[in-house]
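Shared chain: chain A. Partners: chain B in the first complex, chain C in the second.
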Partner chain A sequence: MKPLLLHGHERSITQIKYNREGDLLFSSAKDQQPNVWFSLNGERLGSFNGHTGAVWCIDVDWETSKFMSGAADNSWRLWDCQTGKQLEILETKSAVRTCGFSFSGNLVFYSNDQAMNQTCELSIYDLRDSNQIQFNKPFLRIPMPESKITSAIWGPYDEFIVTGHDDGTISQWNIADGAIINTEKAHTKPINDLQSSKDSSLLISASKDLTAKLYDLSSLDLLKTYKTDRPVNSASISPCKPHVVLGGGQEARDVTTTSTRVGKFDAKFYHLVFEEEFGRVKGHFGPINSVAFHPDGSGYSSGGEDGYVRVHQFDDSYEDITFEC
Partner chain B sequence: MPTYDGIGKSWADEVEQEGGLPTPLIHVDEDRKLKTLTEFKINEDGKKVKVIKTYRIDIQKMPKTVAKRKTWKKFGEASNDPPGPNPANTIISEDIYMVLVHNKENQLQTEESEDPFGKLKDKQKMVSCRICKGDHWTTKCPYKDSIAAPSMDGAPEGTAPAIGDDKAKQAGPPGKYVAPGRRGGVDSKTTVGERMGGRDESATIRVTNLSEDTTESDLQELFRPFGHIHRIFLAKDKVTGQSKGYAFINYSKREDAAKAIANLSGYGYDHLILNVEWAKPSGN
Partner chain C sequence: MVHLTEEDPNFSDPEDYIDDITDNELLDDVLRRKPKEIDGIDSVIVVDNVPIVEDDRLEKLRNVLTKKFAKIGNIVNQHYPMENGKTKGYIFVEYENREQATSAINEFNNYRLDKQHIFLVNHLSDLDKYASVPDEWEPPEPQPFKDTGNLYDFLMDKDCLDQFSVIYEAGRQTAVYWNSHGKPKLLEERFNWTETEIRWSPSGSYLATFHPKGVALWGGTNFKQIQKFPHEGVQLIDFSPCERYLSTYCPIAENKSKDEPQDIIIWDILTGKRRRGFLCDNATVWPVFKWSYDGRYFARIRDDLLQVYETPSFGLVDKKSIRIKGIRDFNWSPTDNIISYWTPEEENTPARVVLMEIPSKQQLCTKNLFTVADCKMYWQKSGDYLCVKVDRYKGRKIEGKEVKYSAIYHNLNVFRIREKQVPIDTVEVKENIKAFAWEPVGTKFSFIHGEAPRINVSFYNVKKAGSVELMKMFEKKSANLIFWSPQGQFVVLAGLKQMNGILEFIDTSDMTIMSQVEHFMATDVEWDPTGRYVTSSVSYWSHKVDNAFWIWNFQGKLLQKSPLDRFCQFFWRPRPKCLLSDKALKDIKKNMKKYHSKFKLIDIQREEQVSSEQIEKRKKAMQEWTNFCKQTEAKLQKDYQRRRDLRKGFDTDERSDDVEFEEETVEFLVKVEEIVLDEDDE
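And then the complex of A and B:
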C-alpha cells in the first residue's frame, strides 16, 4: 500500500477521527488548528481556525454537519463542517481533554483537566436548548475528584458515557442522574484512548501499561487482553474483520535517546479473538498517538508524535489474511 | 484572451501574449476513460514548454451526502489551495507492506535475541571450559571438583605442567554425568587442565568503550603493532551488525598482550576513550 502522508500540522497529532461515511478524516494536533481531509486522496478540505492552544480532542456528529474540538486554551468550540465557521464557544476553567457527540448529535459532553485548583468535571449539554451553551449551564455536571478523565466516549443509545481515567479505571456514568453505573479497574497505568466498535457493542481501551483490553461496552466485562511491548496510545477495532490495530511506542520524551529501530513505532494488528499479533505496519518516526479504522474497514489511519497523519488503504492481500491457530 | 484595457499596454504586447500561451486543451477519451490536458507554460529559462497531463477517469459510486461534500468549498488554511491535493500538505509516500508476523517465528526470534551467547557458542565457540575444553563454562565443568583450580592469569605458557592424557580419555563427552569415582582427576596431579592445548586465555585482553562503528579490521590495525594476534572477537548486534562496544583480542604471547594494555588503555579512539584490560577468565 502507498500511504498518504498528511502534513498539515506542525506539532504532534493528538487525535484523528473519521466521519460516519469515512470520506472525511479529521485531525487535531498540539498546534492550534484542527484539519479536515478527504480520506480518498488526502486533499485538505480546510482547517478550523480559532483555538489558541493545543487541541486535545475532536469529534464529528453523525451527519457531518457539526464538528467540535476541545483545547488547552480552556475552551470548547463547535464548528460548522462545511464552512469551518465557529458556531459556539464555551470557556472552561482548565484545558478540555475529551469531548464527544452523542449518536443523535443533540447531546455533547466534554471533560476538563484537573489543573489550577480545578477538579476534573464531566459536563453534558443539550444543543437543542440554546441557553445551556449560551449561559454555560450544562444539564449535568459530574465531578471526578479521584482521578482525571483521560479519554471518554458515549455508550449506546446515548444512555451513558464511558470514561477512562488517569489511574486506569473505566467507569460508566448514567446521564439521566449522573450516577455511576459500573466501574472497573482495567489498567495499572493511565488509559490513553477508548474506542468503541462500529455497532457500539465492544469497547477497546489502550493504556500506558503496555496492554489494550477489549470490554463489553454495556456490561464492562473484560473479554480480551492484547499484550504488547510498548505503551499503547490508541487502539481501534475493525468494523468488518475480527482485527484490532494498536498504535503506540516509546514515550515522547525518550524518543530522542533511541533509534527508530528500537522505538517500536509501528502499528500492530492483532486478531480480535485469538489475541495474537499477525501484522505490523511501519512508517512513523515517532510514537503513534491515535489510530482509526476507516468505517468500511478498507484502510486505517494513524497520527503520530512526528506530526504526520498516515492514511493507509489496505492491499488486496489484506483480504486474504487467514488465521492459523 | 487578454483584452485591451487601455492602460500601459500596446498592441504589440497583446500579440506577444497571444503567441505566448495558447489556451489549455482538454480532450476526453470516453472509451479509454482518459482525460488529456495540454497546457503551455513558460519555464525558468523563459522557454515555452508544452505540458501534457493524462488522467484516468475513475468513476466511484458513493452516497449522495458524500458526493455533496466533494463540492464543498475549501476553507481555513486550505481556502487558497487549488482543486486537488496540495503537494505541500499531502505527500504520497513510498510503498510499504504489512509485515505479517507469525507468532511462532516471533517467539523464536525473541529467544535468539535473548540469548546472544547461545549464538556465539555455536559459531565462535566462545564458551570453552578451561578444564576439559568442553562447550560449557568452567564453573559448570563436571571435573571441576576433582581438579584443583588452575592458577590463572600469571602462568606463562612454558611453565605449565604437562597434562595427563589419560584424564581426557576418561572424561568422555562433556556434559554427561560422570560418577565422582570415575572422574579422572583423582589420581592425576595436573592442575592446569587442558588449557595448554586450547586457546591460551591468559593472553586475552578485553577492550571496552569502543564506538559503534568499529570493525574487526579497525581493531586489527590498532592492535597489530603489539604482536601477533591469534584471534579477534568483536561483539556485534545481530540485527544491525554494529559493534556492541566491546571486543576480545587474543595475542599469541602474553607479553604482547601486556604491551597492548599498557599502550592502549586510555587511548582516545574515535571520540571515545578505550578501556583495555585483561579479560577475566570466562566462567568466574
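And then the complex of A and C:
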C-alpha cells in the first residue's frame, strides 16, 4: 500500500473530511488555508483563502455545494465549494473549535472556545433564514460553562447535536429547546474527536485517555472499547466492514522525548466487534491528528502533526482479512 | 492615642471559684521537662570487675580509670566503695546525662583492662531490674501454634508457572501475576499494599512490604500476613539466605537515644522476635551485614575490624572481632563459609586478597598485589571461582587528602576455589572495565570494557588445564550491563537508560547473537528463576512515559508487551534451590527428548484451548452485534422516508443491497470512413 502524500499545508493538519461521494477530500491545518483535493490522484482542486488564523474545523454538506470552516482568528466562514468563494462570515468572540452541517444541510452549528471573558457556547443557525447569519442571530445558543466542547457532530435527522468535552463527557443536545437529552461520562481525559458511522447509528469517540469508544449514537449506550498505548486523536468507522481505524500518538510537546522507530505514530486498525487490533499502518513522523475512511471503504486518509495528509488505498489483501468465529 | 476610658478587665478568679483543672492538663509540656529523680540515676553506671587495690594505689587506679571513662563525656561524680582498706572491686561513675552513660556501657562493657579484669558495665537503674529477676525460672506459656499455611504453595502449580510482582500507578497498586506462557494472569492485586516498594525473600517464601511503622511479610495461598516487624522509619531490609532472619535498617536519628541500638535490627522471621540491634552510622553500602550462605554467620567491617557474628547466639565468633588492618571490603562465598577480603597497600606491605575460612579463621589463600588503586571481588554463584578485579595504576599523586591515580589498568585474578592450594590465573585488561558478570553455573565470565563509542564485550572461559581463554570479543556494542541466565549459557547484553534500551541475546555455547532488539528507554532487565523468560521494563521511577514491562523468551523473541499506568517495579518470585541431585539433573538432560514430546503435546493442547476460548468469545460478541444491527436496521427502515424528505427527495443511503444498476445504452459516432470500391472487381 503506497499512499498518496498531499503536501499542501505548511503546518500540522487539524482535520480531514471526505465529501459524501468520496471523490473529494477536504483538509485543514494550523496554517490558514483549508484545501480540497481529488482523492483519486491527490491533485489539489483548490484552497479556501480568507482565514487569518489556524483552522480548527471544517465540514462539507451532503451535496458538496457548501463548505464551512472555523478558525482561531475568531471567525466562522461559509464557502462555495465549486468556486471557493467566501459566502458568509461570522465574527465570534473566541476561536471556533467545532462546526458541522446537519443531515439536510439546512442547519449549521459551531462552538467557540472558552477564553478569558467568554464561555464556551454552541450556536446553531438555520441557513434558510438569511437574517440569522446576516445579523448573527442564531436560533439557538447553548452555553457550556462546565467544560468546553472539544469536538461535536450532528445526530441524524437534524434533531440533536452530540458534543464531546474537555472533561471526557459526551452529551446530546436537543436543538428544539436546547435541553440536554443524555449525558455520559465516557472518558477520563479530553475527547479529541467524534465521528459517526455512515448510517449515523454509531458514534466513535477518541480520547486522550488512550481509548476510543463506540456508542449507539441515539441512546449513548456504550458498545465497545478500543484500548491502545497512546492518546487517541481521531477514530473512524469503516462504512462497509466491521473495522475501525485509530490515529494518535504522544502529544506534540512530548514528541521529542520519544523515538519514531518504536512506531508510536501508526494508524491502528481494530475489529469493530472483537475489539482486537489486526493491523497497523506507519508513515507519519508525528502523531496523527485526524483519520477518515473513504465513504466506499476502499481506503482511508490520515492527517498528521507532521503537516502531511496521507491518502491510502487498501491492497487487495485487505479484502482477505477474516476473523475466525 | 489610647483611650483609657475602659476599665481594665479583672483577671482574678471569683472568690468561690474552685480550680478543677489539674496541673498536668495545664502545664503538661512544662512538667514533662521537670527534673525527675530517675534522671540522676540514669546517668550513673556501675563498673564491675575493677581491680581490687589498697589505699596507697587507689590514686593510680583512679587516674587510669578516669582517663578512660572521661573519653565518653564529662564525669560529674565517681565513687570507689571501700571495705577494710581495699576497694570493693566495683565503682560508680556519674555522667551528665543518660546518653553518655549508655555510650559508656557500649564502649566499656566487656572491656579488657588486663588479663584478669574484664569490665562489666551496667546502668545503676538496671541493678533493680536484675535484682528483681525471680530465683525460680518459670517456663513461658506455650503460645498457640499459628498456622501460616503452606508457604511453598506457589510451587504447587500444575503447570509449574512462575509468579512475578509489579507495582504500578506510581506505587499505589501492587499486584502478583502468574506468568502463564508469556501472558500474565492476575493472581492478587491490592491497593496501597506497600508504602515504597516490595521485596521477595531469597527462596520466594515471603513477600515483604514497607510501611511507616515497619515491615510486614506475606505468604501462603492468599498472601496472608505472616509476620510484622515494628521498626519505625524502616528504609532497607535484607533477608538471610536461609530465610530465618531479616535485618532492617532505619537511619532516623531519634532512635539513637534509646538504650538498645535501633539502627539495624535483626529479627527472627519465624517468631517475629527481635534478636539483636546494632548501631550503624553509614549504610550507603547495603547490606551492612553480609550473611554466609547457610545463615550461620553474618559479618561486617568496622574500622580495622572484621566482625563475624554467629547464629543463633548473635554473639561474635570466639567472642571477639578479627583485627585486620585496613580491611576495605569482604564477601562471603555463595556456597561455603569462606570470606574473601582485601586490604590496600600500606608502606612496605603489599595489598592483599585473602580467603579465610570461618569459624576456624584459617587463611586458605593469600595473594599479594602491588600498585593497587582498588579491588572488586566477584564470586561465581556456584562458589567455584572468585574473580578479583584489581585496578592498578602506573602513577599516583597525592593532593591533600585525595589520592589521584593515573594510567589505570586492570588485572582480573581468577581464584579456583575447588582446586588444591587455590591456583590463581590472571587476565590483564588495558581498557576500563564497566561491568563484570560470572556465568552462574559454568565456567565462563564476561565483562564490558572500553570507552564510548568503542564499547566491547569479552567472554572468557576458565579451562580445566589451568588457563583462562578468551572465547570471543564483541566489538562496538551498546551495552552497560550483563545479565546471565540463572541456568547459564544464555546471556543478555543490555544498554539500559542512556543507551536507549538495546538488548542482545547471546548463546555462549557457540557465541551466536540470537537476536538484537530494543525496548526503548528500558531501565531494568530480569531473568525469571528458570532461565526461560526475560523481562525488560521502563520504570516510572526513572522515566515518566511508556511505562511497561515486556516479556521475552530466552532467545529474544517478544512474547508480551504489558503497558501499565505509571508502572514502577518488577520482580520475579524466586524459587528455592533445586532439590534434585546432580545425577538426577543429568538424567533429565539425557532424556530430554522423551520429555520434549510430552510437553510439546501439552503446549499444542493449550494453544488449541486458548484459541477455542477466543473463538467462543468472538462468537458471543458477534451474536450480540448481529442482534444490535438488526434493531438499528429496523429503525433505519422506519425512518427511510424521513431521510429522503430531508435531502430533497434523494435517496442517499446507497446501501449495496438496494442500489440498482440500470444498463444504459449510449450511442455515439466513432468515425466516418468512405471506401471507394473498385469497380473492376465486379
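As a convention for this text, the second predicted complex is superposed on the first by the 321 of 325 C-alpha atoms of A that agree within 3 Å, B and C clash if a C-alpha of one lies under 4 Å from a C-alpha of the other, contacts with A are read in each partner's own complex, and residues count from 1 in each chain.
FYI, a contact is a pair of C-beta atoms (placed from the backbone, for glycine too) under 8 Å apart; a residue touches a chain by one contact, two chains touch by 3 or more.
All figures in this text were calculated on a predicted structure; none of them were measured in a lab.
After superposition on chain A, the partners chain B and chain C are seen to clash.
Taking chain A as the reference, the larger set of touched residues comes from B, when chain B and chain C are compared. By the document's definition of touching, of the two partners only chain B reaches A:23; chain C does not.
In the superposition on chain A, contact of A:49 is made with chain B only, not with chain C. Contacts of A:104 after superposition: chain C is touched, whereas chain B is not reached.
In the superposed model, A:4 lies in contact with chain B only, and not with chain C. In the superposition on chain A, A:139 makes contact with neither chain B nor chain C.
Chain B runs into chain C after superposition on chain A, and of the options 153-161, 189-197 or 405-413 the stretch responsible is 405-413.
Within chain A, the residues touching chain B in one complex and chain C in the other are 261. Taken together, the chain B residues at the contact with chain A in this complex read 60, 62-63, 65-66, 69-70, 72-79, 81, 84-86, 88-103, 106, 239-240. Those residues of chain C that touch chain A in the shared complex are 500, 518, 520, 545-546, 548, 561, 563, 611, 615, 617-619, 621-622, 625, 628, 632, 635-636, 639, 642-643, 646-647, 652-653, 656. Note for the complex: chain A touches chain B at residues 1-8, 21, 23-24, 33, 35, 37-38, 40-49, 63-64, 82-85, 261, 266, 269, 276-283, 310, 314-315, 317-318, 321. Against chain C, in their complex, chain A makes its touches with residues 20, 62, 103-105, 156-158, 199, 201, 216, 218, 223, 229, 240, 242, 250, 254, 257-259, 261-262, 272-274, 323-325.
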